[in-house]
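Step one of this worksheet: look at the structure below.
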């Protein structure tokens, strides 16, 4: 990250392999840097500090729904701006680390709440809160060199959606689960080739709460632009989640929708392409984690049923925390980065 | 805290601006020190290490109900005595840090459980447990220089009230919420000037679970005796919580009762008058936290609905933890004290 | 634990007071070492690094039900083998520290789920996950020198049983509580001498989820073989839990079944015979913890009612964490070991 003294480096704005590098301080430069920060923030939802990937993710979201495209922009901007105004370290800001939780908060709140003037204000405020939560968890988890992941998004969204049970001027959409008591499932529907193909790409799309196969394909291409390894692990993660759900007898519509895939996509990405050096041992370890993520998704979605709340990406967060935290005790594994 | 060598300092008992200073070790001196410790413990419920404020709080509670006045005395005494017998550091004990959780446990258990011989024994035991929990959280949170706040009270009370679902000899009062599944709220009642004024002072009174406007006024005066800044932030906190609830369409009776105020009172007090150096940035930060507290109160009271449990001061605890933990990453803020 | 240079020490396999000591590295030696590791793992369920105790526990379980005997062997083997393959430190492995959570996961999953081919695969996978969770919590809690206890078992089991609400090919048994909303209890049944005697030994038996008085007697003998102090504290713990439940008016069948005893058995064992130096102060402290465990069992079993989940040994885990964490602040107590 250190600037290299070279003739090229003297240009105030230039392209790098992951996006813009802005050294100038004119208002125009700052605006470009902020736009690049937003795209990196959107990219970081899938752990990619990469503006190009972020831009393609954004295209995929707008392809599915303009509302969610706007929501992701507003959320990312509100959380990044809050971080900037409170004075976080510039390198973290520019890497999009204060953007991705706001991005997801923006989408999720407008996914679960009817849009009106108040809910947009709510989105901006919630995204600002997610920035404070990001900083808090960053401090907390640095004790163990653990990554924050999307935990600020999960806790902020659960809190702001749950609050609607007391706030009469916010109404939930039909997409919010109805509160009920969990009971034993029975096998529903038949899994076909269409279930598998649609479930595979919906699993990638659902990382941004987009139930759209084409959006899933666009997201996969975005990952390919950023990293071939990331693209491969994401697809394998989605497939693993889907196969576990099928084997255990989960309902076919849920498998098709990608519900059992998106957390496994993120776990596979995080362990398989970011935090561990890829070898035979870490591949098995990542597989174990990806399967565990699918089981934990089933468990947490049942655990949140009495509240009528969705599990969001909490299974991914908890599994990666546990598997990263445990890794130093396992001499067969090598950590790739200080998360 | 170091004793200054001076003629005045040689008196075994003397007044200071925050209460008694007791240097003697006669039984009479020890009794006076213990009484002063209890009053400081009651004062610490609103973060005031101040016997005078503690005494006026006690007057306000007895004004509302003798039962709660006795409960607060028994709870504070039981938790402070447990700490003394187990051998905690004297300066912490004398500052009331092992009293305030017991004070609240005492009131809350007799607020939610029918008083009888068994429930009084239960109060003494629960207050003793709150002291162990205080020491445990003190150790845990010292890793990040974080304050314990009223967390021991919240966890002890939730545990001891929940246990009634298995213990046939304890009966809950009508004040305990009925267990149910959360559902979307609709706007109820019309907020008037009376709602605002009553809600403002009830918000202060509810910090000790007292639904009484006059008690709220007495508590406000107690804060004024201890610190003008504390008094102002507490009232602004109550007002903020109330206005957020009104804006979002919360039910009028809940707004009037101060339910949306008391956690915001505590958040405003903690961040605005204790942990941050007050300037423009920290004022905005405190406002953000105070609004977030009102939203979190709505969320947690819904989250605890399937258990029929109240949120108590958990929203305050969680928000202040998050905002204190995050503050070192925000260069615009200055921490006032090592919490 | 250091090997002593002596003629006897040159034998590749020899008996010690707690089980086998294996220095040789032939396949036969390794098999013996693994068998000894399994028995120590079973022994560690009651905090005994002792193969003889583990063997007698196993006898007690097989006496009650062959299914659970097999389950405990499969669970212990799967979790220990996972730890070995991932490369944990040998001394921890050999002490059974990566076995006891798997042992309990094995029993608990087959206690709550109908046995079939899929549920046995599920047991093996869950036991492997419990090993990763053990390593993670070991790293996390080492910050405060805190023991992990049976937390990996509790979280793994809750997760894997809850997941059945989404997995149609796994069915729960009649032993899983039905999901419902907690409500105030009334006194049920009359406690007799038979209740007390059966409850006392069932409390010990329920540590392994065995509702069988004779199994409880066998377990008590196993503890006697390992340590007289452990045996005495376990019985006193069971008795304390039972008496608290009786005093508070818990239902007679629950008291008789040992439900209020097994967590108190473990708390008494942990604080009274492992983590604290036994003197008057620590005896009182242990008693306080043991009573608190019985109250927390009542609270957590109510808290998990909306999910239809059992409290397992979570009350023991939380109480011992709190009481161990708090102990350095209490100058009257002396810690016996670095947990």
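The letters A, B and C name the chains in turn, as written, and every chain counts its residues from 1.
Definition applied: contacts are C-beta pairs under 8 Å (C-beta built on N, C-alpha and C of every residue); 3 or more make two chains touch, one makes a residue touch a chain.
This is a predicted model, so every value here is computed, not measured.
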item: Chain copies touching (chain B, chain C) - same or different residues, decided at half shared; value: different
item: Superposing rotation of chain A relative to chain C, computed on C-alpha atoms, to nearest 5°; value: 120
item: Whole-Å gap separating chain B and chain C, where each centre is the average of the chain's CA atoms; value: 37
item: Contacts with two or more other chains, residues of chain A listed in rising order; value: 143, 306
item: Chain B residues within the chain C interface of the complex; value: 85-89, 118, 125, 128-129, 132-136, 138-140, 143, 158-160, 162-172, 179-180, 306-308
item: Complex contacts: residues of chain C adjacent to chain B; value: 143-144, 181-188, 245, 247-251, 254, 281, 285, 288-289, 291-292, 295-296, 298-303, 305-306, 321-323, 325-333
